[in-house]
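Here come two complexes built around chain A, the first alongside chain B, the second alongside chain C.
So, the complex of A and B:
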């Protein structure tokens, strides 16, 4: 929106701040404040110290952070592979079948994640597909949940990709596999990294399906935060939440660096 | 290597976009496919490249049936309007792409890349990325990339359409020079611009409504069009509905003396007269009308004259004292400058 007068521009900023600060910034600031506190009975938290963080970066919490990072990385790589593969295959289909496939891939998002968790739990609790009680059932559920996003963003990028590139490559003698590796995937790289970042962030924060599935030796961070707040340790929970937030943002920042290098236009 | 279209028909969902095209491009020849958008010219080119499958008919390259071959086995060079340079590769990597897929050796690749860039005058830009180049430079790189694999056939799909007018005439001269330097390479050149076709092509195939209208040398098309479409699309001729008489034709109540050939007296026919052969003032084959529109084009004036309800275009040398709108004027043309077509003359 183009706003010309100075007064109107200030007004737009004011509206933005009124909407943005209470909705998005304040809750995060409150968590940040609470993470350093021991009491919060007045307007502001009191008894500032870093004991919460000492607890949040060692032992159980550190273990959970590693678990979350490993789960999110594995799930988003798997989702990216499956989603990209499906999107590439879907692009070659006729429109009617492509729509059907798109709809199938959106299912895990459309269905509440509790239901996804439950169905994964029921499906993989008996031999020969016995994953219940292992870390793989958590990773599997996360993969199922985030594949939809990977598929969606990659297939959107494929539709935007000018077919002239692959045709030029084919006319230069490149077989389909070479066209894919040397031309299409490199051109899709910016959207692939964007999709990877999205999947990673979603997996890092996943709680509802994870709650139904996690084995005792594979507790991701969100479960730990939930457990901490559930037993009343609000300030420790906040510190763990800040650690979760920082770790996620750090990874997203690294991914976006790769992205800038990969975008050509 | 020559190209042959043998009754090639292409349809999308039952919609015929190319209707049994028969056309032969001789080895070393430059053939232009000229027509408006939707005429099927690009489809014909894509059928040669292998990007569309004909529903019937065959495409032959150098006598070999390639109808069922995938694009990557056809060994054809192709240049498109959008250049389609790979943005993630440098200029030299773009040009080397086709050589690497052919597993050419390192020295050979380097040598041929240098050669192709030299040929298109882009040697100084080898290490740049496509986004750092202007449109004209990108098109040169695209041509170099297509030439590096030393194709026997080069397909050009509206290669100059994205360039501005000045660059376009420069590139046209470049393409003509390229063809002189690579005389064995056949070129199929798709364009909607008659100037490009007339300048560059040995022969022109005029297309309209999915069909070939006429194929011949530029001079043939210009001097003796076989139907109204060719006459008006190539050179923008006036097409006037006339009735054949004895030793002439009747138009708007006037008797015009033109060669009627073997047309039967009394038949309806179409008279094609190019605007630049029409003169202003008294003369043989005179028409009188009223000036409806006048355009100054530098060296010439174009007059739109209404003669008995028909608009007649005339290009005359720049007038010192041009007529005003609504003025009555006389036009005339020499008998040998007009071509008479039987009414409803169809395609070839």
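So, the complex of A and C:
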């Protein structure tokens, strides 16, 4: 406890609220409020109805939701596989090679996502790997972007892993494949699910690279939200945004349930 | 080659094919003007244009100012959560984690309702100025500073604070002499991460729809998609990558020093 006098403590909390609520809670509340409204020019939104949600859960918007969910799931699973493989293989290397591999795999975090989009567009718009105009170019870009995060969190977990378990298993005669499948991966399961949740959330909200790449028949939710706000349909846009947030939170919640079960084992 | 290196090969090959090779093509295309041949023409053209210099300047000062804002605000808020805890402080800390999983453009979307042309506060053109982008970036990226800070604060030995307090040091002095030095590594790590993310931010700027605010990622997008000027877009991309990657390298060195 840093502040002892009661009055001063209340003053500090008041300052905290004044900073925190308008900056962090208000934006989310505003989007939520607007999603139920048709007008907002006073203090409170007006014209309450659920038409925005009817528009946001059918036709184009429903298709965008499926698109986003499919893209995010595919990209997270691919990224998790490649990232975990890279982290496991990297951990077995000598320090010099391991550093190099770490540096390579975090590079996509530092490179702007727009540039990742541009580079994928430049590379895969011509044969032999013609992906431009298909859904795979979007999924590919998302995978590249989130692999870095999967690799980072899994390799952080590997360095915290207690080597005694795998040494015990190996000394009892288990082959490396068995040690990996029965000892290391189960121990890593909590961090793997955490990484999967992170990748999924990032991919659901990805806008920068997607804007460079999306074909007309594969528009994820963020692109649809941008299109709606760009043509002035702010209220429909915020209903779609609420759908996006709710879908992300639901999946994150489900993933964290898996995680708690995994860590109790 | 040893077997361990062989096992590391497949993921590295995938990364090379889908990330490094495309990036190399961008660099290659930045030297190939539309007329054909290889020259520095695209660079000369882009560097000479007013739009590029404006975008470079806007990107850099916006990123620096947002980072400074995030550091100050994040430090203050984390101090209160960690050392003047109130009922619900835990919930606030969890809220911050959730906040990080939302896309950045939601903040601009909300600001459109508050400050936009038909908004709550009214129609003064705040959002179409860099200040609107600055406000949105500070809002969105402050949690990125708070998370490492809260982790660092939870490892701080509270006995030090109590000793200092019982010897008569007041809160500002305790913060300056004990908490701030202890949290410098976390501040440095969080701050440089936010700096890189701000340099690369696209969604916030796109959603303001402001013609007056153009940053480097925005310029890459508008040159490539709206003007189909690929060599120009590649030049801007190369500049942006060079700035961000060198800063990110610095961040990795700093955070490794800090033992994070």
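The definition used in the following text is that the second predicted complex is superposed on the first by the 244 of 265 C-alpha atoms of A that agree within 3 Å, B and C clash if a C-alpha of one lies under 4 Å from a C-alpha of the other, contacts with A are read in each partner's own complex, and residues count from 1 in each chain.
The rule is simple: a residue touches a chain if its C-beta (ideal position, glycine included) is under 8 Å from a C-beta of that chain, and two chains touch if they have at least 3 such contacts.
Please read these numbers as outputs of a predicted model, since none were measured by experiment.
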item: Touching partner for A:227 - first (chain B), second (chain C), both, neither; value: neither
item: Partner chain(s) touched by A:97 [first = chain B, second = chain C, both, neither]; value: second
item: Which of chain B and chain C A:161 touches, first, second, both or neither; value: neither
item: Contacts of A:171 with chain B and chain C, given as first, second, both or neither; value: first
item: Comparison of chain B and chain C by chain A residues contacted; value: C
item: Residues of chain A contacting chain B in one complex and chain C in the other; value: none
item: Chain A-facing residues of chain B, complex; value: 49-51, 70-78, 80, 82, 84, 86-88, 97-98, 101-102, 129, 131, 142, 145-146, 149, 155
item: Chain A residues touching chain C - in the complex, by the definition given at the top; value: 1-4, 8-9, 12-13, 15-16, 19-20, 23-24, 26-28, 30-31, 34, 40-43, 82-83, 85-86, 89-90, 92-93, 97, 101, 103-116, 118-124, 140, 143-144, 147, 197-198, 201-202, 204-208, 211-212, 222, 225-226, 229-230, 234, 237-238, 241, 244-245, 248-249, 252
item: Chain B-touching residues of chain A, taken from the complex the two chains share; value: 162, 164-165, 167-176, 178, 182-183, 186-187, 189, 264-265
item: Contacting residues of chain C [partner chain A, same complex]; value: 4-5, 7-8, 10-12, 14-15, 18-23, 25-26, 29, 73, 76-77, 79-80, 83-84, 86, 92, 95-96, 98-99, 101-107, 109-114, 116, 118-120, 138-139, 142-143, 161, 165, 171, 174-175, 196, 199-200, 202-203, 206-207, 209, 216-217, 220-221, 224-225, 230, 233-234, 237, 240-241, 244-245, 247-249, 252
